[in-house]
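Naming follows writing order (A, B, C and D), and every chain is counted from residue 1.
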């Protein structure tokens, strides 16, 4: 029983990070209907941004504390938001009226570029991510263990999810985003500045990726230039599983995959772990082709 | 009338018979309890205000959506729950309200794709490319060119389908439907977007198709002039239900029809 | 190419392949080896083009089919010791066909359930199938699991590679350039209209998946007997992605363009070798720039309806 | 009507391809392979090929190994070269990708005309290159591929590291007899043949010594989360955990084990040895042990000179991969000197006859299966440092 509880906690911690990455995926997809392949690499860049700015932050705000951790988080999010906007401007925007598949190729190109440049600039050897928040076991009884980092991940994920929902549902910007997602032509006719909204969406999505990168690095403090590939892939699966374009769906998908993967690895066979996410996805899509919380799109004939 | 055609022995039975056919999306009934029958070589109009369920009725007949209830008989055979391509093979062809040509293909290929229906040769034949393949391809292209010539599109055969004028694209869609050699042709608002001259031309064309190809035609059309001008019988839908049926003269005077259109 | 000459093209290609393989010792073995890579990539790209380009599906799992073919063919030929050239040819062709057939079976398995899905959903599910196939091989201890499988015979030569590539090109081109084959394009352009014209979209999609997977399997068999060592990791999702890149860069549904893209994308990294660590960076930048400069595909010159 | 049936564009395309093929064949393919060794022309540099994973998922290993190899070549050339000629190292990146080694090794041999090949870290990639070297009769030395199958490919294939059976048994004996562990769990990296091999021989050895393997769990290199597996291991209360993986994952494994309250010693192999292990694992690694080829703290001159030179050149402490890369080049040079030529067959014979060669990673003797036979060193992690424990001879 203790073991099962511990596994559920493990799964929840992993799942909430996947959820955070999936949120960024799903947001960009919801607006632009295209898979931003480089999302996982922005996640990696977020972690490295944190790695390089944390000494500077530590000089001003000494010691690992929640405050300095949040400053690092905020700065990394800002850096990646700018990067995301630049990537969109350079590699995606010129192709916006093209079939989505062509954008997919530039996205793959950007992804490969970031990974290989990362290997050259940061080095291929994993780096130790500094302790920007104090990590200690907050709960330890009867063999159960929860660390402060796990709680912080869960907390920040929830916070960002709520904030995101607020932005999308309650603000003018969010309204414009939804209009754009619903019907790009109509949105443009209504006087919505499409380019602006798309840039904003990319910035927001990339900031989320950075946040996930930092939190990931806090829990798993070994960072390398290829660290984004696998979580990126799984988060994408999570986004589709929840119904791509749907924010709570992405969170749900992330948690679901995190928990299932952990349980499978713990109780069945960890060698099949990588296949499990896809197994769940296929089963669910066959039953409900638009994902768990996705709306069915009826093609008008 | 034409004893050589299959199904002629069932001459007395109607070609198409809908009995309480219903189509529901969630709780919303797009078509409810629709009774409709269509005889051989008959030209019937289906009208109604916007959202009355005309196109839904088409989608029901052609199997795009399976009926939620009721039955559909075509040529004496049940059509409900058959796939669209099976229904097409049974002899129902259609055009679309918003033109749906194969955008990447030439005019010729658009028609050729539909013409394949009656000379089904598959993978092996295409791979081996023997005599029977060549003869078959020749025969099909002969048929296609003949059809194109009949409708004066022969000279555009090699052009991209999307490069045609709007009217020609509508015409091409009709040709494509005819290439499947249907017994019943469903035309979904063929006059949409046409000016008065083009509409007059279209009316002649529909009449011509009916006589030349011996098909029954079910016509959804907004333009009353067109419908009243050529249809032998008219069915009026409102809110998915049939509210009236009769000759053009009867429909014109039908109080429910007037109410439906004025309330629109 | 007149239709009467299609088979002549195939025979000519096989003859050329045979001549080159006979004269193999006169060629530089490195460049010769690169031609095998080219031929294998041509097969992969052309077969994926049938699925993604002509039929408008979006498969991201081609490497999975390749793995099935590679392992099947390798397991079969590993049962044999050294053989005389004729026996070797017979065994090898049998193994390649068996690999293709099993891959086609996998294609059928993947194709049928995925028919309900479209676009990105289809992409992610095929990607998932590809990954699941890889993980299954990783767990099959009989074929070495994660440690990989040594392939006893290096039977892939110019004749086999070039011949198989010619066959793949012929089959896809012959299928598509027929009245029957217009159905693939019709399904891609407008599934609803296609089915209203009596075309069974399910049948065409499954056919595309099966034929595409068959040739991916054959390519896998050639790959196994060219590299002589296969690991599940070699058939990962990046491999699938690189095939998709060839198809999109060549121009979806443009066989000639896709062939040229496969050749280009195989040779490009080789020519970039002298710049070592900067090679992959330059390669990825080129990918972005090429796509921005020619979004319709590098080798698509006439206006085609944009593939959806 | 023919023109409808086969679009004319197709014809042009096919002829274009035919023309391109012909051009390609004539331009690139003609010209036989460069002869590997021209006995008459004993001038100019000796070309030695190396293939390594300089980019891609295992770049960190390939880069380390390459740095060691490059340092060896520097040393050799500074000391006057080999056979009076400079040694020229031609390195090709295989991107950590299956399929690449076969291509790059063919390039090295056929196009660049190298006389010997060094590489790779991963056995799966060495196994791709080995048949080609064997066929071309070019000696190949793998620095750190531990799968026994690699050298079994043929009599031109050698290695300077130990193989899985030796190292696995050494750690099994150490765990059972020195640490007196009874119940050990094993956590294997299933993506790595190195890890699988080591786990296999450890388990066999430990059971033969009267111990019990109480649980087995797996992960895949590249994973970051091991909490599921560690929680499952914790449930069976092992005395120790054998983690035959690479330093890239071991640090995180140690960290997460301690966080879950799993406080037993971790044991491992030479894949642990790297200066980036301890920064990541930190205090969680205290009290862990691993076997390796050498200790940077070894006071012998060979080791100290190497460590000093390496630090001077790359500003970091060499890990096991770098030391083995260094030895692979040194042992090749030694064999060439003894053979007095760069001729493949003669260098092969000299390599096979290597006896008590003093490398950085120990005294190396080639056994009948062309595997290096040399002692293993066991290191402990104490006070955040690698501490020498003992040496085990084969």
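As a working rule, contacts are C-beta pairs under 8 Å (C-beta built on N, C-alpha and C of every residue); 3 or more make two chains touch, one makes a residue touch a chain.
Here the structure is a predicted model, which is why all the values come from computation and not from measurement.
On a Cα centroid basis, the chain most remote from chain D in this structure is B.
Here C-D and A-C were compared by C-beta pairs in contact; the pair with more is C-D. Centroids of chain B and chain D (each the mean of its C-alpha atoms) stand 70 Å apart. Chain B has its Cα centroid 49 Å from the Cα centroid of chain A. If you average the CA atoms of chain A and of chain C, the two centres end up 33 Å from each other.
Shown for chain B are the residues that touch two or more other chains, namely 64, 96, 109, 112, 137.
In chain C, the positions touching at least two other chains are 3, 6, 138-139, 178, 192, 277, 280, 307. Shared contact sites, meaning residues of chain A that touch two or more other chains, fall at 116, 119, 269, 271, 274, 301. The part of chain B that touches chain C in the complex is made up of residues 62, 64, 83-85, 88-89, 93-94, 96, 100-105, 109, 112-117, 119, 121-123, 125-127, 129, 133-134, 136-137, 140, 160, 162, 176-177, 179-180.
Chain C contributes residues 1-3, 6, 9, 16, 20, 25-35, 37, 138-139, 145-148, 150, 154, 173, 177-178, 223, 226-231, 233-235, 255-257, 259-260, 263, 270, 273, 276-277, 279-280, 302 to its touches with chain D in the complex.
On chain D, the positions that touch chain A within their shared complex are 55-57, 59-60, 63-64, 190, 217-220, 222-225, 227-229, 231-232, 234-235, 247-248, 251-252, 255, 259-261, 274, 276, 279-280. Chain C makes touch with chain B in their complex at residues 3, 6-7, 171, 174-175, 178-183, 185-186, 188-190, 192-201, 207, 211, 253, 303-305, 307. Residues 2, 5-7, 9-14, 16-17, 20-21, 24-25, 28-33, 54-55, 91-93, 95, 97-99, 102-104, 106-107, 109-111, 123-124, 127-128, 131, 135, 147, 149, 153, 190-193, 196-197 of chain D touch chain C in their complex.
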